[in-house]
Amino acid sequence: MDQHFARTDMLPPMPPPVTERGAIKWGRENLFSTPLNIALTVLGVGIIWWVITASLPWWLNSVWTASSLGECRDIVAASAGEGATGACWAMIRQWWGAFIFGFYPPTEWWRPILAFGLLFAALSPVLFSGQTRNLTLILGVVLVFLVGTLWLAEAPALAFALSVALVVGLLALAQVRPGLTLWFTVAYPALCFWLLWGGSVWGPLVAMAGFAILYGVFRFGSPFIGLAPAAGAGVVAAVLWWLYLDVPVVNSLQSMLPFSLRSINSDQFGGFLLAIVIGVTGISFSLPIGILLALGRQSDMLIVKSLSVGFIEFIRGVPLITLLFTASLLLQYFLPPGTNFDIILRVIILVTFFAAAYLAEVIRGGLAALPRGQYEAADALGLDYWRAQRLIILPQALKISIPSIVSTFIGLFKDTTLVAFVGLMDPLKGVTQIVRADINWKGIYWEPYIFVGAIFFVICFGMSRYSMYLEKKLKTDHR
Amino acid sequence: MAMAADVPKDSFRLSMLIYDTRYRSYTIQIVVLVLFALAVAWLLNNTVQNLEARGKQFNFAFLWQRAGYDIGQQLVPYTNDSTHFRALLVGLMNTLVVAFFGCILATILGVLIGVLRLSKNWLVSRLMTVYVEMFRNVPLLLWILLSYVLLSETTPAPNAFRITDEMAAAGEAPAASMILWDSLAITNRGTNIPSPLFERGLGSADLGFMTLNLTFLALVLVIAASVFVNRRILVSARATQEDTGVRPVTWWKSLLVLFAPTIALLIAMGFHLEVPELRGFNFQGGILVAHSFTALLLALTLYTAAFIAEIVRAGIQAISRGQSEAAFALGLRPGRTMNLIILPQALRVIIPPLISQFLNLTKNTSLGIAVSYLDLRGTLGGITLNQTGRELECMLLMMLIYLSISLIISAVMNMYNSSVQLKAR
Amino acid sequence: MKKSVFFGTLAATTLVSGLAMAGTLDDVKARGELICGSNTGLTGFGAPDASGTWAGFDVDLCRAVAAAVLGDATKVKFVPTTGETRFTALQSGEVDLLVRNSTWTFSRDSELALDFVAVNYYDGQGFMVKKDLGVSSAKELDGATVCIQTGTTTELNLADFFKQNNINYQPVTVADDSEAQRQYLAGACDTYTTDASGLAASRATMPDADNHVILPEIISKEPLGPVVRHGDSAWGDVVRWTYYALLVAEEKGVTSANVSEVATSTADEEVKRLLGISGDMGAKIGLDNEAFKNAIAAVGNYGEIFSRNIGEGTSINLARGLNALWTQGGLQYAPPFR
């Protein structure tokens, strides 16, 4: 009898023991693996519990409709019993306009909104040069944003139609000749200035013309008198244009073709509008200065190098707040007697210097990260210094530095809150201070701070995630 | 063929200044220098004209005038009869003390959070991520304001500590009580901590320009000597270990050397603590640490710790996995792997960005303005500037001081950095 | 590329302001707008509302000057200044006029090269305490924690007062009025010291006003008034006499409501001169002859401004006290319009 006990069919697999599956396994591995981990988990749960129990009633008892803090507190007391605490968000309903736009007239709110939307339209050609798909995506988002927000802000029909037409036009251009969208980026600063400050459209346009003159003189002069003299002549011509011809030309154009928006004083800027204006202009002005400083610091020329180092280290060595006080108290000592321009512009100048010093260090990092071979290859091709920088070195160095530039921008954006100390209406302290001086809302402090903090968090967190994404995307081969 | 060797021996032409690379850099530098000198001259000229137009002078004599205002927190003796210069010193000390404690606490907290963020514990690592993102993405100013409000709104007023006669009769406890064996009182104004007192102190020596506290000096000297001796003991222990393979037991020697002399000195000088006590409006005696200081320190620590945590995390992640695997293969436990293998290597990556965080923290102490902490900006750049109207002098002096502090910190830290970097071979 | 806009503006502003500097009055006229340095937010004296419209006792003086110089009380740009930046803003020409509860002192008048042209509010520094503290005099405040606003004269007065009385205190400096109130209400300081008007205003807006008392001691004189740059007497005269016009108007019973009616019916020669019916008072200081009439029509007389912004019945609820007209036992006295 041939007996064998071999199985002919597989046993069905047993379910894993209780401790090795599902939530319990996950918990054992991730929360309770060692005594230390158990202690930490308990501690963590304790902290979460404490935070929730301490603040939950306050959030739950929120009041959204009231006309003063006293009324708010009465409502909380009536609904949740005597002694209960509750947030009073009704203040935000009354003051949100000031937190976002400062005292920018509500009928003109569509202008900063439009400028903000178009900022992304202007940035996209730089970020995605010539990539039709990404350009289309961004411009589409901008279009949807603008249609929604401009409608909410009750923009005049003409402005609404023009801005939609502009973005649709850009979209169409992006499909056909994506490279040409860069011209919009070039024109954007003038457009943005005009939208925000209003006045005659010719002011910014004529000022921009100065750059066209600079370029024209340089371009047409260089074959005859050489590169460097042509550049010098260009600068001189542009400066002369700005100093002597700018104002009369603007005036005559304005009288011929009066096309202007209601002019808005910069003292009406405030809230996040102010923070974004200072942050974005600071970063964009400082980029070229930062590049020059970084190149200067890398330079072999002793004097250029030591001046760059001196500037960078000085600015980085003093707190931003002293620079802001310089803008407010000292700048006028250094300018010709009688010179006077408004505090926002002075703050922007100093913030630009500040950002330039930090950007210079960031870009220097990018330059240092480039393999030596790139410089040598550029030399081997016989490129001169500027061509080598423009064609070989800077495109790569800037690409590596983009994530750090974004984080510098985040830092700068957060630091714009400090302008409150020189009397400007930043969202965090300036506007909040005015709200707290309002007779109806005297004694309120948590709500405005939490509101402003939450907006800052959303913006900065979004940007930092984006820069991490960029970092991952750009990290191709530089190791 | 011989042509190649012929260097063109042109006579010097003016255009060579621009087109010849041998001379061009000189031309550029001279042009830059001249432009720079012109700019400086222009600025100076404007300044002189402006000063004249406003009928002001540029001198620092006001620093030796009576200040006339009071400062809450003073680490150097100061009254309102002291000079503005003295007020400057008080402010400078206040700046430095926040920066000093801030750097230390932020480093400890930052390293802890950075390590915990990489922890395998899901809950803890998530919590730390939330912490880091929350603090990094909201302006520091908000944290300073919030921690100040938090401290002054959630702590009891000094009155709450009082036991009135009726309460004593009814056997009721006061609404608030001191903590840590009745030595520490946290009120909504500040924290009252006990102060060290000496019955038989060594007095102080007057050196003319400053007074030297001999008691303090003696303590510092004794502690320094103890540390030095302890180090000798450890060095000889290591030598023995290397010779014989057996490490002599040193812990009790170390303890004895480190603590016995100090304790003996303290007893000899009659050391005791002066405990704060509620008298009148406030706690008297002890040292009052005002909430403006605590709030600033707290906010700076929490904020900077979030950045340091990211630096530490990046530093640890920069160490290749092979290192920790090798350590595990040698049988080291995770804690020791971290301490002996990972952190020392990560330190090289961590230190350079850490330096800039320290600099940032130091510069950010100037935000004490938000809670009216009278630091250098609050005294010299605030009240002094305001009462004397000397913007130019005060601001320049203040920038100069901040600049020197920054340069000193970065010099010291760079020295430390070069000592831990791998020596190039 | 943005540099263009920036430099363009820079160049334009430099040019525009380069032309100026002749005199503040001409500047203001040429600009068509008065730039007035104001508080960053002090209830009753100067603060913007949710739509950005400024209102308050000091603000109305600015509006009166604008109405006198430009004929339009709305042509004012308010530049919020902090205690620390206010005088520099004025000296550097950033503002034409500073009306921001600034105390007239010797050193500010001399060293800071400013001119205080009038006193629109006579004030003094006082103390506010909670009732349950059981304090009835400032001299009992030995060892107390005191909240003071930084950048003001109150710091120096406080130091002097406690020193003279040989008692100690713990200073807590705060940056602005609302923060000082928060600290005081939270009990972070035993007493809050600032100008008595500010104290009364604060107390009036507190939810439990009865629990707070203002101590009887007034430890300093605080004459608050509009400030102009030293050496520009023409402009100083304009501000000074606009202010006095408001005072005279109150004295003579001219209000914003009846000013046009009075102008036609009055027989009082001084009122006629004030309203520009006879004489050329306005023209003599470089203004329109109806300048003062415009000012009164725009904001009312001194009494109206006072009662509208800070007087009894408003939430600030201040009595006229020292600021009553001299005819009613106060100190407000205008030199004759002659």
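Letters are used for the chains, namely A, B and C, taken in the order the chains are written, and counting of residues starts over at 1 for each.
Following the convention adopted for this analysis, contacts are C-beta pairs under 8 Å (C-beta built on N, C-alpha and C of every residue); 3 or more make two chains touch, one makes a residue touch a chain.
Here the structure is a predicted model, which is why all the values come from computation and not from measurement.
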Farthest-lying chain, centroid of Cα atoms versus that of chain C: B
Chain occupying the middle, per Cα centroid: A
Chain centre separation in whole Å, for chain C relative to chain A (CA means): 39
Separation of chain A from chain B, taking each centre as the mean of its C-alpha atoms, in whole Å: 30
In chain A, residues with contacts to at least two other chains: 329, 332, 336-337, 421, 445
In chain C, residues with contacts to at least two other chains: 88, 182
For chain B, residues that touch 2 or more chains besides their own: 149, 369-370, 385, 391
For the chain B and chain C complex, residues of the former touching the latter: 54-56, 68-72, 80, 149, 152-153, 157, 159, 188-189, 279-282, 284, 288, 290-292, 369-370, 372, 374, 378, 382-383, 385-389, 391
Interfacial residue positions of chain A with respect to chain B in the complex: 26, 29-31, 33, 37, 40-41, 44-45, 47-48, 226, 228-229, 300-304, 307, 313-314, 316-322, 325-326, 329-330, 332-337, 410, 414-415, 417-418, 420-421, 428-429, 445-446, 449, 452-453, 456-457, 460-461, 464
Touch list for chain A against partner chain C, complex: 70, 94-95, 97-98, 102-103, 105-106, 185-186, 188-190, 193, 203-204, 206-208, 210-211, 242-243, 246-247, 265, 267-268, 281, 284-285, 288, 328-329, 332, 336-343, 345, 348, 421-425, 430, 433-434, 436-439, 442-443, 445
Residue numbers on chain C that touch chain B, as the complex places them: 83-84, 87-88, 91, 107-108, 111-113, 133, 141-145, 150-151, 155-156, 158-160, 163, 169-175, 182-183, 186-190, 230
Chain A-touching residues of chain C, taken from the complex the two chains share: 1-15, 17-18, 20-21, 40-43, 47-52, 77-82, 85, 88-89, 92-94, 176-179, 181-182, 185, 205, 207, 315
